[in-house]
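These notes open a run of structures that come right after.
In what comes next, subunit A is part of two complexes: it sits with subunit B in the first one and with subunit C in the second one.
Showing the complex of A and B:
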């Protein structure tokens, strides 16, 4: 993030300043431009053609024509219906010409939503190209007036290998991100304000805008029968609790383990490190599915616990009422087990990172502390930990956010194993062990409840964003990006 | 002196005990894969009868388990993803790290925000878009899903490029080097560790991923599965008693190359991450 920017508000200010500057430039171009610059507001190639940049003029003309054609042929079918998301229900009608029943010319709400969105994105992009084009025309005009050299097409192209190389580099990746991340996110933000669910599935039926009612339902409204509010609070609570424990247990565990292994007394530290890394090198879908069977109700751990009498003892003191220990199938037990299993796969990761950092500990400081008579514990508390926190503090936050969205651990450990007995949760397709993301996943994959899933997704985003912004502002003092360049 | 020796002994014992706890499930995986019994052995840790027949069975596909096919699918997807992602990541990292242009910081801030959205959220919409273009249950669609947005994961590579001294680039520029020349002739040859890291990590994405493949390959066509989905399917309630040992064998076979790559990668990972952070 920016060097001269310590608060997001400043960044936003700068952002708008930048946009303002862009439009101011446009204003100057329009007011001070000659007739060709002004003409390029309508015919985008005009300015270039005037100054003999014919290839550029042709490219802009073709682009303009393409966007106009796109608007007439494609956008006009969908954008006008964006306000209602379609009105014509799909049904069979009798066609007097062929004497057969055929589908009518129905509206597909989802297509209308998606294609309208794509049209908006194209138009906004084109709008900026259009403004930029006018500015460029004006720039060329100014250059020509001063009698400066005007670039030929070849020279323009060559700029993309040099001053404008960043454009060459960024075009494809940004395009990929726009198509596969930005548009989908915008699409689902829109879906959160519709009633797109199992009863409103295109193409057979329509869905429409419903305003904020999904969010009202999620935050406890929506009538007596809706349990989404209850489930949301339960699951949000567990999500935050999980993210907190998952982050801190693995973080502390990782540091302790790396200290243990990097200790002078340890024989063969490399061997031990590799042994721990092996557990995370096995893909999670293998290791987690395996562990889930390891701790299954009729699994091997239960057999073992029964054999040594642990199961009987737990039943005697009233902790369980079944003939097995419900490691992953009862609330409470499952919650603890999930966090423990997460320690199993998370600690080696953190150990790797901590090892890297510890190797760079300021050795002279530790040495002088030792000479001054500091005990190992004091050195740990006063030098090692602060240093670790300083370096890895930001990753602690990203880890927390990642854990809020930690789909794999929860899904692979509990899907198909854990069934809830809580009727209120079951009514909204939730379970006690769900995170917001696994709930969202189940709502879409098994119940086609896209409207609620989208609303949950937006809430997850807001939570993550708030944590990140607050934490980053507190922890990162200035930017270190350029200090060592 | 004797006390010190005892301390060392207990210290190493502690590590050994921890390592054993950590390795128990993996060892169980290994032993079970050599069992001659098809389902889960719930009565003892070690198999009652040893055999390698499930390893043989892996390469004799049936309608459910088509391991060679899945392996090939995943391999092809991984190779394509690897090439595209590596290019995207290095391109974005260079542009944001070495070059200076107006939109740089706004773009980086947007990337931070986009990274906060749960990937699953956009995936569900991507599924619809792909479905409209008939790209679901299709490997091309999956490759696009893995690699299209990979530019967002540029931060580690950027952190590495940041450590390349600026003066070097400036000197080259004064000597008349174009930006593209600096990128290809100077920065890339200097960045071998981070290139290796990026190549391996993007190659591993399709091998490690579960959820995206599950969303895209949802039609239940076994011959199109990736390894992750195939193995998950084998543990279906109706199949687990027939295929559990096969699952373990497949898990071992798949884990060996992945672990090797992973161990190789983590060396570069630690180098890359701490190299970037510590010097600050």
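Showing the complex of A and C:
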């Protein structure tokens, strides 16, 4: 735990110091290295070959050759066009003899963007390998000068099985993260600075860089008819409100439910627990779509409310103006219903977590509190809740972030049912019940507005990242662990 | 110790692979049209996308196609892609999409914008060589409306396949007489007397525009791809948008009227509270089941506008077969698409699927004209328009319809109506992005 107590500013300082040290080492290697170390700047195997590490030399040479070949054969097709994202529009002429279209050698902006990005990632990775390689040959040179033992290839391999096992372990996951997480995120960030939309869709059309104009538009500085800024503020507000309520209602509900079930006076606790867990067992797709139909304007619940006169009564007191209760089709109503339905599907998860934590409550503390004459409510407020919060704090944060992006509940409950009557929202394809993520989905899926969706995506990412950093720092700060010992 | 390490390595590997699995969702389907076929001795690979219900029919027609050209080897794959979502799938990756695909007529603007459709006129030589028809022959063989809808700037961009994809009125003739079904006023009165309702979707730019089209308003596309729309002004027939909206509000506020959410019509028909409903041929079977012997269909009624009776317009809908501009065998794809939409194929399609043909000869046949729904659809098509609008039109128009359905603007507040119309038009006209 010692490392975690460092403040973030110190951690960042250490990070940059580390990078500085890396380059300083490289500087020493280049200036003090012998001719072979210097030669390894050009031929990466030189230093190893000099000290008879032929297999390593061969590997580095092959790697270097592979990267050079990659640059010449692959990167040269895309990277030079990265600045313009292509200039040649697709054109085709039909040839009746071969029955095929003759295409020109057209540019595909998206491929240029994606493949250039991959090239950059490869080059950056190679750059660090290249520097590390020079440092290594210098190290070997120093060792040789001192007359120390220089590892054979077999010995090096063995090291990756023992002392350096962490490197062996982490290689695959890091590769996976780079390919499947880092590159897509970088691509998304880049798209936010282009005009990739319905009018600029590859392969037939090109798109190009537009700087910050998408962000300007998002924050309200856009064209005359654009209501993006208006919609963005409203949707962001609801997204945060939703994330707050969705997180805390299920959290508190889960704790209360598990307390209730774990109470000694509750009969058949296992039965109740199982019944609630069944909600989890049914896929959300099924349960949410069913619930959506129940609460639709012409659904079962509405038919029932009409039959018992509730609808008429609500209309008499002026709460609704329609011949049905707009559970999921009017602002306000839909907002409350969505949070309520979310409680129903979210509470069982929290109940399971809470049950686990409550079973590990320090019994001696509760016992002594009881002997001191504390009431159950006091025990709950002073012992149970703080303990719960301490243990589940981090999950609470991740739940909040998850709820900001809770696509399923919102989309499945409102898509096709909710029609906005706010024309300003409609003009930017938004609805009152949209989260940023569902709005983003519709923009890409139905309107091919990738540039705005990317801009929104970046904003969501920043919100989540800042919130997580701040909240985690607050949580981990201090030695709160000791208070529970 | 060693075992633990091996286990750790295995777990890490599994993690990396599972991450790979997550990231792989968008792996493109194999591009069937690869290889460099073309001359007659090489196999031509083609892929066709059609609706799920059409699969058997497509299989049969494709076999027929192969026997029609015995000198050419084909490898034709048939895939499922609903006509209503074809655009989304095709535009996701044009180069990986099928060579020939079916789509609904309202998607032609977006597909053409993305240049995903091969221009059929450029394929004239291929059609003349193999199908022994010119583009002019095809245009002449199909109904004028369908050819117009399948053309952009006068150039044929897809093959008309089925018509009758617009909407009209189904009614229960045991409750509503033929005369009652002629106007909205009498229709609603008759339904009310029987304690039943008349259903129509208002919250959709496809349905709610019908009142405006009937009054002489128009929509279209500007050169820059934006929507041209005049609903907030005065139509060529001299009606204002405010007057049309007032008429719609009067209909929507009638207690025998039921505003149905977009996509919920089939459910509501089955519900049994409706005596009449505005829908299309896709609900024919459904309506027949519920209305029983009373099952009838007619053109849409007239509605009261500024004291006069005005025929409600509609949007004529069609289904087309498009040829992918990026097809590796675009010539043969065109010949196949032509074959799948020619006179014989359309006759087979009507026999098996009861879908209205666009081919004039097939449409004139006895069997087709006996079909109640198709006849009503054809009657309404006389007042139908071809709706070409940009993607920006749909949400504002949908919201406008919902405002009328919920009665959130008052029929007497002309200023509020004008404001709502202005906002809708502004949204619909917005630059496409």
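We take it that the second predicted complex is superposed on the first by the 462 of 485 C-alpha atoms of A that agree within 3 Å, B and C clash if a C-alpha of one lies under 4 Å from a C-alpha of the other, contacts with A are read in each partner's own complex, and residues count from 1 in each chain.
Here, a residue touches a chain if its C-beta (ideal position, glycine included) is under 8 Å from a C-beta of that chain, and two chains touch if they have at least 3 such contacts.
These figures come from a predicted structure and were not determined experimentally.
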Could you look at A:451 and tell me whether it touches subunit B, subunit C, both or neither (first, second, both, neither)? second
Pick one for A:298: touches subunit B only (first), subunit C only (second), both, or neither. both
Which holds for A:441: it touches subunit B only (first), subunit C only (second), both, or neither? first
Just to be sure I read the superposition right, which of the two partners does A:422 touch: subunit B = first, subunit C = second, or both, or neither? second
Which holds for A:274: it touches subunit B only (first), subunit C only (second), both, or neither? first
Partner chain(s) touched by A:179 [first = subunit B, second = subunit C, both, neither]: both
Answer with first, second, both or neither: which of subunit B and subunit C does A:322 touch in the superposed model? second
Thinking of the overlay built on chain A, is A:411 touched by subunit B (first), by subunit C (second), by both, or by neither? first
Decide which partner touches more residues of subunit A, taking subunit B and subunit C as the two options. B
Just to be sure I read the superposition right, which of the two partners does A:101 touch: subunit B = first, subunit C = second, or both, or neither? second
Looking at subunit A, which of its residues have contacts with both subunit B and subunit C? 161, 165, 168-170, 172-173, 176-177, 179-181, 184, 296, 298, 416, 445
So, in the complex, the side of subunit A touching subunit B is made of residues 1-2, 5, 11, 14-15, 18, 110-111, 114, 161-163, 165-166, 168-170, 172-174, 176-177, 179-185, 187-188, 191, 257, 260-261, 263, 265-267, 272, 274-287, 289-291, 293-294, 296, 298-300, 302-304, 344, 348, 352-353, 355-357, 359-360, 391, 401, 405, 407-408, 411-412, 416, 437, 440-441, 444-445, 450, 453-454, 457, 460-461, 464-465, 468, 480-485
Can you name the residues of subunit C that touch subunit A in the complex? 5, 8-9, 12-13, 15-17, 19-20, 22-23, 38-39, 44, 88, 91, 94-95, 110, 113-116, 118, 122-123, 125-126, 129, 203, 225, 261-264, 267-268, 271, 325-332, 391, 395-396, 398-400, 402-403, 406-408, 420, 423-424, 426-427, 429-433
For the complex, give me every residue of subunit A touching subunit C. 90, 92-94, 96, 98-101, 161, 165, 168-170, 172-173, 175-177, 179-181, 184, 195, 197-199, 201, 203-205, 223, 225-227, 296-298, 321-322, 329-330, 416-417, 419-427, 429, 445-449, 451-452
Which residues of subunit B touch subunit A in their complex? 7-8, 11-12, 14-15, 18-19, 22-23, 25-26, 28-29, 40-45, 88, 91-92, 94-95, 99, 101-102, 104-109, 112-114, 116-126, 128-129, 132, 144-145, 147-152, 162-166, 178-180, 183, 207-208, 210-211, 215, 218, 228, 231-232, 235, 237, 240, 244, 247-248, 251, 254-255, 258-259, 262-263, 266, 269-271, 273-274, 277-280
